[in-house]
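The following pair of complexes shares a single chain, chain A, combined with chain B in the former and chain C in the latter.
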Partner chain A sequence: MSNKYIALPKGISEKTFDSAIGDFRSVLGDAAVLTSAQQLAPYIKTMMPVPDSDHTPSAALMATTVEEIQKIVGICNRYKVPIWTISTGKNLGYGSAAPVERGQVVLDLKRMNRILEVDKDLAYALVEPGVTYKQLYDHIAEHKLGLWLSMPAPSAIAGPVGNTLDRGVGYTPYGEHFLFACGMEVVLANGEVLRTGMGSMPNSNTWQVFKWGYGPYLDGIFTQSNYGIVTKFGFWLMPAPPAFKPFVIQYENEEDIVEIVEIIRPLRISGVIPNAVVIAHALYEAPVKARRSDYVTGPGSIPDAAVRKLAKDHHLGIWNLYAALYGTPEQNEVNWKIVTQAFGKSGKAKILTEREAGDDPAFKYRASLMRGDMTLQEFSLYNWRGGGGSMWFAPVSQARGSETLKQMALTKEILAKYGLDYSGEFIVGMRDMHHIVDVLYDKTDPGQVKAAYQCFDELLTIFSAQGYGTYRVNTAFMDKVAETYGPVQRQVHKTLKKALDPNGILAPGKSGIR
Partner chain B sequence: MDVRRRNLMKGLVTGGTLLALGIPPRVFASTTAGSVRKFGLLLGNTPVDAAFAAGVRTAYALSSNARLNGVAESEAAGRAGSIGKAWFSPPRMIKLKGGLLTEYEVVGKLLEGARGVRWIAVMDDGSAAVFMELMRNAGAGLILRGSHAFSRHGASGGSSFSQEVPELRHVWTAASPEFSAGDVLAEKLLPGYNSFSIVEDFLSSEHFAARMYPRRLNKPKPGFLSYRLDGFDDIHLHCSGLSAADGCESVGWSKAGTWVPLKGQELESDEGSTRPRPAQMQLTGWIESVGYAAMTAAMGLHSYQIPCSQRAFVHQLPLGPHPRRNVRTERFASFVIET
Partner chain C sequence: MRKKKSVRTVTALMLSISVAAAMMADIARAAAETNADKGFRWRNGAEVYSKVCSYCHEGQVGPRLFGRELPPEYTRAVVRNGNRAMPPFRTSEIDDESLAKLAEYIQRN
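Let's turn to the complex of A and B:
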């Protein structure tokens, strides 16, 4: 172990690192180069079942300008020091702010937090990576722009750049965030600055309104990747609708997911229900209302009978579908009839609106997210098992009832084998569903840590063997997931990496790409 | 009474007080406070708030007593420094009535607005995940982070994961051994609990302040046998009632490797079991003990002065009928940070 640093980049001597740190300081100033344990400790908590020491950074750099970043990549190339870039670093459950490999230098862009433009008429924004949803929310409110944001669960504390670049989702009609991205500025590993799409053309005023530009579309290669550092990011905002009608539809049995999905799919594809609908299992919603230990105290996963009792006690369905209508009151009235008729047919659904469920804490936070408001209530999930362990398991499913039931049952079975609970939800895209499961475990219990690791590994193995791919994963399992997409894709990723970053200084290991 | 004699008397009084509180005077008051002038106590609206705060207050009372007795740190700690500084003012207490997940903006502003404050905090695990983010946003330094659990899934509960996991578990990450809380907590828990584990990870293995002074030998931990991992001088294990191999397993460490007695261990066998121990200040429960240990770490009262990257304390009474405590399942997180 180094005496001066809490970690060193792989293959870099303390002497070489000293020189790199000296150069970083000459560019950024002493205060913007963090190396002490106390300063770096807030970057380290990962929630994954591996030692945090596997993901300990050697330093953190606080850049504030594109020019500084260009100089930083120059220094990194000179000394072959790898950097791990974060915008706000709120990727909780996916590795948070910690680097994928021990010793990487965190490039923290939280101080690059200028809102460069918000256009009311064309409904778009251009921001720097450190801008948070809260900042943008306040800006829009202050200037009465009449626009809505789409936020992920960490809402207020996270930002649109990091979330979209990791292909995160929100819960409004603009919930598939990358679908609404439009134009990036990227510092490449050689220090050049690329503007994608129309941004490459001098004097263009269409950078944030036309995505495609000319020639191959490049924006996608800068998401979930390590080919460049995004320093400006454009995206579309939703005009505030005249009326908003959130609702929840509850079902009492796990098998009912088949009916729910078969009903919701045509409503989503046709646009009757425009937003990213969530179908949440009772155990996903329970932590905002109940303590696990009030229902089960022994080892193993929570029994179905206890889940049913919990759902009854706290007015939850075993499945809880949260959706909303957006439009004029007249439009919403027409669509509401379509929705209630569709879900009313079987007699299994319990449909609740804001009038009946407005005070329910689960409904309240879901309605906030569907309205593009800020709430952190979803993190009550971490209290369910307690002990600070969490990994998001995120396979993609067809929006087909039989598929969702199969995925749910398979996930639950594997989790139960390791004594873990099924805290899952489906986020409905148009034709796909993000099946999101929080693998919760107690990090103070070494047995559970081991079980969680093995369980997650098995989930990835079994699901990929059945053709179910994972769309996003934490930093401990990136190589494994990359493997599941086959050797050709991996080789293409590697070829691009070699071409764009021959010294491998940008986040080597991100998405399994080196 | 001349000044020299008065100081000596005060030193004796304070030394006695510290011993009664279970803290050896020679380690009292490290010079780690830096520019800190104030303490804050943040209570996250959890069921453990009151007990945790009581432990913090008790630890504060200790430091306050010592200060009132006027002992110079050079006498109390055996080296230069001062305990009579302003940072021993009582912790300012902030209660989050709605919890941090609701009052995250308040906490964000609090951390960004306060400079030179060392905060001791307690909250649930959901809040802890967000708190880490807020403190990083605020540019705060993390001194100590703890995760604490009492659950029946442990050894006596017949966990499906492992039979060997103690029911009372603590995992601490500290910036360096300078901010160790393990010794204090182990000592407080030992008399009253059938089984517990305390794991400490130090991000930096060096005690920077201790570099300035002659290196001390490892002080034997009363009631524990102490080991280091052969070939890794900075990994330590302290076991009570079980072997090093079993202790290792119960905290999830690899069983590979050989554990050899730590230097100074001979004293343990000679004195540890027979020497009368000073009267211990009784804390009413384990949560209070955690608050106490966190506050002593915040004040640098019990730093670990030998290089260490990781260590654990494991205690397990021999199998047999033990009175079951009526302690409910509880989990929470603790922090010591500096803004």
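Let's turn to the complex of A and C:
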């Protein structure tokens, strides 16, 4: 055990690490190389049910230029020191800013935060990794560019580069973020700088307008991966529509998810409803309005009767479908007729618009998300159990009613075994739905920590046995999920890793790739 | 509810005076390859409060921070270490100097 450092990279002696740190300092200056416990504190706290010491970094480097990063990878190769790259570093519920393995050096690109270009006509942006959605939002407002962002619920404090590289999602028509990515600059492990797609050609001005370039499309291999360090990132923005009509459709029973999904699928595939919709369970929306302790005391998951009472008291459906129309008022009117007719048929749906629900705090924050406005209201989830424990369980489902019901029931059953609540929603897709469940627990309660870990492990085991894969996972379970996708994919990932990063210096363990 | 409104006005004000960052980003297009532009920097504690903290601490997620004369050392410690449901913020996000100003700003308000 080292005294000088709070952790060391696997297999690296203190002496070797000393030399590496010395070299990092000569590139970045002393102030940008953090090694003390106090300096590293904000990189250590995670929301996962494992000891923070499992993911404690040995150091953090605050680089601001491509040249510095090239020099850093040179040093890493020389000493075989692994780095874990973050952009805005707010991957909360997926591992936060901490590395996948203890002792990795965090390469923190938050200070590399220039907005390089926002093209009003072609509606795209090119940014550096440290740019937050808030920074970009203010820039667009300042310059009256008339463009909308799509961002995840942590909006103001997260950023497009980290979010999209982890294949995150938002709630506007551009909500499946990687679909709207266009062109990356990547520092490779050997220090070379690759610009993907049209960016490879000198003097090209089509880097941010044509995704594919020539030959195999490479951008995908730099997402959820450890094959490179992305230093510039292009993506498309949505022109502000002339009119925006958010709405919520509420249903009273859990089984109604079948009807909701069967109705929404054709509307999504045909584009009548253009945005990444959310079908949120009452327990996902409840924390915005209610306290858990008002409805249940003692251990165990919240009973159905309490959920029904809560939903009634706070004007929530057991399911709440949030969606919106974007277009001219005339277009929206036509589509609104189609929507209300489709959902009106069975008589089970309660359809509310801004007029009826505009003051409702849940509706308000959902409407903000669907128009790309900043809100952190969804963090109310953390008050449900308290104590700052959270992991996202994120299996992919077909957009088929029977499948979503089956996944919901299975998830709820497993959570209940461990005394945890079903804080779930189905989001985004046309043909798929991301089934997103916040596994909330009190991290200050050792009993709940243990239960949450075992529960999450069981969720992954049972779901994969049924052929349900997860789209993204926290750093404590990356190997387990990689395993569920089978040996051939794992081997291909490994082959690419060997070719692109033979010394294994870039985030070994990310997505189970080493 | 009344309180909330006044904060939104403050936010709008902060937005309208955020010229420096925007101008820098504007010239970035030309300077992209030379790194002449230094990117975003906080101007004062109020700006950090309105652009980060207020979204949780005025919106029922976290407790109110104003009117409590919270000691600056306490605020700085919570921001750097996080606490339970409060996420920590790194020096790369909020530099030490801006955090000191922020903590004083919170104590004063």
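Basically, the second predicted complex is superposed on the first by the 513 of 514 C-alpha atoms of A that agree within 3 Å, B and C clash if a C-alpha of one lies under 4 Å from a C-alpha of the other, contacts with A are read in each partner's own complex, and residues count from 1 in each chain.
Throughout what follows, contacts are C-beta pairs under 8 Å (C-beta built on N, C-alpha and C of every residue); 3 or more make two chains touch, one makes a residue touch a chain.
It should be emphasised that the depicted structure is a prediction, and the values quoted were computed from it without experimental measurement.
With chain A as the common reference, chain B cannot sit beside chain C without a clash. Touch criterion met: A:Thr65 reaches chain C, while chain B stays clear of it. In the overlay built on the shared chain, the residue A:Gly419 is in contact with chain B alone; chain C does not reach it. When the two complexes are overlaid on their common chain A, residue A:Leu376 makes contact with chain B and with chain C alike. In the superposition on chain A, A:Pro49 makes contact with neither chain B nor chain C.
Legend: residue contacts after superposition of the two complexes on their common chain; A:His143 is shown touching chain C, with no touch to chain B.
Of the two partner chains placed by the overlay, only chain B lies in contact with A:Ile6; chain C stays clear of it. By the touch criterion defined above, A:Gly317 lies against neither chain B nor chain C after alignment on the C-alpha atoms of chain A.
Shared-chain residue A:Ala156: touches chain B and chain C both. In the overlay built on the shared chain, the residue A:Glu128 is in contact with chain C alone; chain B does not reach it.
Counting contacts as defined above, chain A residues 38-39, 41-43, 45, 88-90, 92, 96-97, 110, 156-157, 376-377, 379-380, 382-383, 386-388, 443-444 meet chain B in one complex and chain C in the other. By the touch rule above, chain A contacts chain C in their complex via residues 34, 38-39, 41-43, 45, 60, 62, 64-65, 88-90, 92, 96-97, 108, 110-118, 128, 130-131, 134-135, 138-139, 141-143, 155-157, 288, 361, 374-377, 379-380, 382-383, 386-388, 443-444. On the chain C side of its complex with chain A, the touching residues are 15, 18-19, 21-22, 24-26, 28-29, 32, 35, 37-40, 51-52, 55-56, 59-61, 80-93.
Those residues of chain A that touch chain B in the shared complex are 1, 3, 6, 36-45, 47, 51-53, 56, 88-90, 92, 96-97, 110, 154, 156-157, 287, 293, 297-300, 376-377, 379-383, 386-388, 390, 418-419, 442-451.
On the side of chain B, the complex with chain A involves touching residues 101-102, 104-105, 124-130, 132-137, 140-143, 145, 147-149, 151-154, 157-162, 164-165, 169-171, 173, 175-176, 201-206, 234, 250-253, 309, 328-329, 331, 333, 338.
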